[in-house]
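Data first, discussion second: the structure below is written as structure tokens.
Labels run A, B, C, D, E and F following the written order; every chain starts at residue 1.
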Amino acid sequence: MTAVTPSLLVVSAHAGDFVWRAGGAIAAAAQRDERATVVCLSYGERGESASQWLAGRTLDEIKEIRRGEAEAAAAALGADIEFLDLGDYPLVESQEAVQRLIDVYRRTQPTTVLTHPLADPYNGDHPAAARMALQARVLAQAIGVANSDGTYPAEDEIIGAPPVFFFEPHQPEQCDFKPNVLLDITEAFDRKRAAMECLPAQKHMWEYYTQLAIRRGVQVRRNAGPNLGLPHRTLGEAYMRHFPQVTGVLR
Amino acid sequence: MTAVTPSLLVVSAHAGDFVWRAGGAIAAAAQRDERATVVCLSYGERGESASQWLAGRTLDEIKEIRRGEAEAAAAALGADIEFLDLGDYPLVESQEAVQRLIDVYRRTQPTTVLTHPLADPYNGDHPAAARMALQARVLAQAIGVANSDGTYPAEDEIIGAPPVFFFEPHQPEQCDFKPNVLLDITEAFDRKRAAMECLPAQKHMWEYYTQLAIRRGVQVRRNAGPNLGLPHRTLGEAYMRHFPQVTGVLR
Amino acid sequence: MTAVTPSLLVVSAHAGDFVWRAGGAIAAAAQRDERATVVCLSYGERGESASQWLAGRTLDEIKEIRRGEAEAAAAALGADIEFLDLGDYPLVESQEAVQRLIDVYRRTQPTTVLTHPLADPYNGDHPAAARMALQARVLAQAIGVANSDGTYPAEDEIIGAPPVFFFEPHQPEQCDFKPNVLLDITEAFDRKRAAMECLPAQKHMWEYYTQLAIRRGVQVRRNAGPNLGLPHRTLGEAYMRHFPQVTGVLR
Amino acid sequence: MTAVTPSLLVVSAHAGDFVWRAGGAIAAAAQRDERATVVCLSYGERGESASQWLAGRTLDEIKEIRRGEAEAAAAALGADIEFLDLGDYPLVESQEAVQRLIDVYRRTQPTTVLTHPLADPYNGDHPAAARMALQARVLAQAIGVANSDGTYPAEDEIIGAPPVFFFEPHQPEQCDFKPNVLLDITEAFDRKRAAMECLPAQKHMWEYYTQLAIRRGVQVRRNAGPNLGLPHRTLGEAYMRHFPQVTGVLR
Amino acid sequence: MTAVTPSLLVVSAHAGDFVWRAGGAIAAAAQRDERATVVCLSYGERGESASQWLAGRTLDEIKEIRRGEAEAAAAALGADIEFLDLGDYPLVESQEAVQRLIDVYRRTQPTTVLTHPLADPYNGDHPAAARMALQARVLAQAIGVANSDGTYPAEDEIIGAPPVFFFEPHQPEQCDFKPNVLLDITEAFDRKRAAMECLPAQKHMWEYYTQLAIRRGVQVRRNAGPNLGLPHRTLGEAYMRHFPQVTGVLR
Amino acid sequence: MTAVTPSLLVVSAHAGDFVWRAGGAIAAAAQRDERATVVCLSYGERGESASQWLAGRTLDEIKEIRRGEAEAAAAALGADIEFLDLGDYPLVESQEAVQRLIDVYRRTQPTTVLTHPLADPYNGDHPAAARMALQARVLAQAIGVANSDGTYPAEDEIIGAPPVFFFEPHQPEQCDFKPNVLLDITEAFDRKRAAMECLPAQKHMWEYYTQLAIRRGVQVRRNAGPNLGLPHRTLGEAYMRHFPQVTGVLR
């Protein structure tokens, strides 16, 4: 296969999701000097900002706060970030939103895509984000599908068929999330922790997601076998690969 | 992770299964100068030798013929082969058979294991082989489980937790076989074809499995994206990974 | 856990559904002097009123008839009832409809929610109702989601996370309906029968659903064990719990 | 059961789908002198016409070309064809489109319906077409659901509950396509091949789908048993029946 | 396809199962003058004869009573019956039992096979019977698998691949029983009722299974469409087809 | 329903399993002064005692050590414990072992049963234990199934149909473990921690399972709703209910 430039695209329903759920993968990409782009479809201003509402802030203030936190977290991870400001609770699917994502795909030419899993009985915004991310990925491959400005893409502007990985939801079993990829994030975890600490309103989550990294790290070791020299405290993130893996070697 | 010596172990219910279903993966390993070992649990003497029975051969003659063909096919692929002669139709599960597989695991120290999928309503020997291969893989990891000769293994004789891939059954959908790994066998296919031609009694299968390689190759290209420079006639084999993939990079 | 006032909310796609499918649960709540509220999203005027159409009635007449029957049935069960008149066949999902349900949730503060299961290949209105009921339940929990009048809820106006139970569809196996809760409605059945008899156009269903109560009652006894002193003619209704049960005792 | 006039309705997302996936069933119906009607929801002008776009054609030109090819293919099969021109990539679901399908159902009074399966991660137009085909089938049964012109149907204009079969997607396992019906198309295959050859832009697919017919034909023979006198080269198509089969004999 | 002589084989774990669950199919076959053979693997002497044990009867007495009842019921249906007397609660799987079933298959040359579904959390004998029935069916197809007397079968003594239908368990949803075939048994029901009345100890089941026939009959009508002239009181039995249906027409 | 004396039966494959996975439920039962009985099918002497083997201990020494630890842990929880010493790695299923479990069921008359889930690709002993626990539970209900000493049970010696809960495996998602019951063990956790500390060889697990209790506790709170006054640090255990819940109230 010919070489392609690695490019990671992360489609996140709300401003904070990418940090807790995929911060390790993003930081690891950045540590390899690969491009990583986070697209937040909303700020999570209505559904994930209870403490701000209780503090009496306005909608615009909350969006501003969450944008700033997300930008800081993305910077800590080493990723670019953009915001589509589509609104949350509910995040409403639309062809306009999908079209904007098509443009993002064609601009960033992702070789790997991360997004939410397709089921989440606790938060409908997450599967809505995933459905739009998946639909845009297919449409962006077609030369007959126009860009937002009405022009048709050149042959090298359409994308290939990048693999998609779903990151871990809050209650994985209830979301039919059965990980089939365990990512070793031991080296990247310091950056992930730093990014988490950019989100002061969720301070109680810092430890929760550190413990989750330990838990997934135990599974990394269990599934890699005891003989591979992994450090005792391996840290991990769990993913579900949505399309078959294409490979030249079975490992 | 520290380097380990690649070693491929293939557990095949009958003498011919490994050729049709995993010949590409085996040949590719051999082409990389990696060790590949095929273990045939039976010769397929009762259930897969109808033409020999119709020709009036005895059980022992049929076993001898099938053994010779399988040896030739393994040689064509570049693999070692051994036969446990457990009988087929039915292949009966037993602790004795599992114990012999434990010994094979400890001797070959596989880093990758291939076997049948766990469901096959058309042939119960296939899932029986898979169940024994999986059970032996777990038991071989335990230092408290003795070898066949009653001795206990040394610390470096037990095995790790090698990944297991199920190869493709004859009627995949009926066996709940949903491939999550597509292997590019373009370079290895000539060897696979040569191995298939070592099985003259199934001559009608040569073309059938060549066409299957084309079909799976189309899927390799579809899932790799159109931009990766894969040749037009990519050839493939399909697998199901049984345990989560452990990796340092999401690709 | 602190005491909460029990409140049952039933979201029914059509005017009659709640009677056949959940009448026992509703009557039992009323018998315990608990509040029960039925919300009918439509009257079932197009899809479930064939005999009225054949009799030459107009759309408005049919809606009126069905409204009257449903009110009588609710009264027989001991429940309040309201009608959103969203239209049926198809029941079209919309954010406006969901918003009205958010208001209902906040007003009734349900501790238990009943609705249709998420799959029904025979009637798309049923899963549409369920999806809206589930979405509104999540949104009503968020302090940042406004009421219909544009005001934001006070802290005690948002709701908790009440358990949701799907009631039994007409062809349960085809709807992937696998009951995980069997409700004993022996004491409440007379009221349910009375409510069924408020629906004269479906007279042939009275016996059908009485027989179903017997059938589910046999399963109540089977799953409770033979020693528990249940009466020979135990009557039952079947439900699917959608979220994990939270409990202090495993029973 | 009383006799009904056989009528086959095929709902196809794009102009070519019905040929590759259901051409054998359509031709076989025509050979039995039964009515067959194909409804193409779109021309596949954006998503399945890459070579035309690369050749610089306009949208209208592409639609015209694909319409002509589809008409030729339908004629070769012996079927009527109509086009709803709803647009593709994405094929957007709407009540207007469903209403037009309701009219088609009532006009053609199908006794068998063929459409796409409900899952296809590679092409969202296919499940969108299936969902609309299924929804319209239910609505067309109701006497209270009006026609497009606002009139209500007479009692003999509504339809029964015709069985629905999903035809085979391009990557069946990834679409959770587990065939439960294998159709013998040996006699009809020449017509199917002729229809495929009406689609010159996909010349590489002619052989691909011929090989698929051979593959499915092998499964026809395997599941029919070796004793039934089927010809060595039986050809087949695979289907998933969506509703339970109603029968008087278990065969 | 060449004509074959219809022959129905029913593999029943206990002496009464075939009556309640498949009596309609058996009677219908007999009414068509087709051969029907019931094989009871046990008498149900331990697990399904509580009232006899409470009445103080011995094991041998109970077996005798149940054998007599089953013979009377089979006669009422028009079927042959034989008993393997393998013991129940538990029904233990063994190669010896499978071998006896192989002989039955070769002797009766079934064109249709009925047995229990593969899951039943309430009674492990049922799936054990199904597993043995399925295994024997595959082994009986192989010319290299000997008969019980050690001889090898002639070419016309082996069997084809007859379709297998699972009949309805007592709690269908809990057994993952999703019917995909609904059999119209209206004409055969009188015989089924007569056969049920041969089992006086289960008198309370006569009405229960009559009501079930009504319930499944309603589903026959629903899935056949309202226009087919089925009588108002259609009676039915539900089945799950285990292998794909092979057909020349999609109906 | 008439009152029954609560009795908890826990069937554990190895000597330590019940502590990590169900210690909270056991301690909570004891705190309610209910009887709790743990049955360890093996000591986990081969598969879960690697450090002891590395330390050069003999099989008998290891069994003795593990028995002592398990006795201490059971005492800390407040439960009786017994050991069947069936051997592990593999735990071989047998009718003799099932018969011994039948005796245990009849002696302890459990009203609640806890055991392993039915799938565990990492340890086949766990599902083997579950299968035997489930089979014995059914057989113990039958008056025609003898006790180990050959006598038949009196009418009050057979058991009812106690509910069964599967406790959490080490890698829940890989074992298809989707919790449908979340147990609040906040009050019981100190006892569970004390029991864990009776197992010094697994000291690294103390913290791991404490963190798991926190994680499941977060889910207890999420699924109970924010308004119920649960303490901030609620601790939990997750379970899968295997049979439908029978209840008089939907909560």
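The rule is short, and it goes like this: a contact is a pair of C-beta atoms (placed from the backbone, for glycine too) under 8 Å apart; a residue touches a chain by one contact, two chains touch by 3 or more.
Per UniProt, the chains are A, B, C, D, E, F = 4-oxalomesaconate hydratase.
Just so you know, these numbers come straight off a predicted model, no measurement behind them.
Of all chains in the assembly, those touching chain A and also chain B are D, F.
When the contact pairs of E-F are matched by residue number against A-C, B-D or A-B, over half are shared only with A-C.
Centre-to-centre separation of chain D and chain F, using mean CA positions: 53 Å. Chain C and chain E have Cα centroids separated by 38 Å. Shared interface positions of chain B, i.e. residues touching 2 or more other chains, are given as 122, 174, 179, 219, 222, 238, 243-244. Viewed as a contact network, the protein chains fit none of the simple shapes, being neither a path, a ring, a star nor fully connected. Of all possible chain pairings, those that touch are A-B, A-C, A-D, A-F, B-D, B-E, B-F, C-D, C-E, C-F, D-E, E-F. On chain A, the positions that touch chain C within their shared complex are 45-47, 49-50, 53-54, 59, 62, 89-90, 92, 121-124, 174. Residues 1-2, 4, 8, 25, 28, 32, 111-112, 114, 141, 159-163, 165, 179-184, 219-220, 222-230, 238-239, 241, 243-251 of chain D touch chain E in their complex.
Chain F makes touch with chain E in their complex at residues 95, 98, 134-135, 138-139, 142-145, 152, 155, 242-244.
Within the complex, the chain F residues that touch chain A are 122, 170-174, 176-179, 208, 211-212, 214-215, 218-219, 222, 238.
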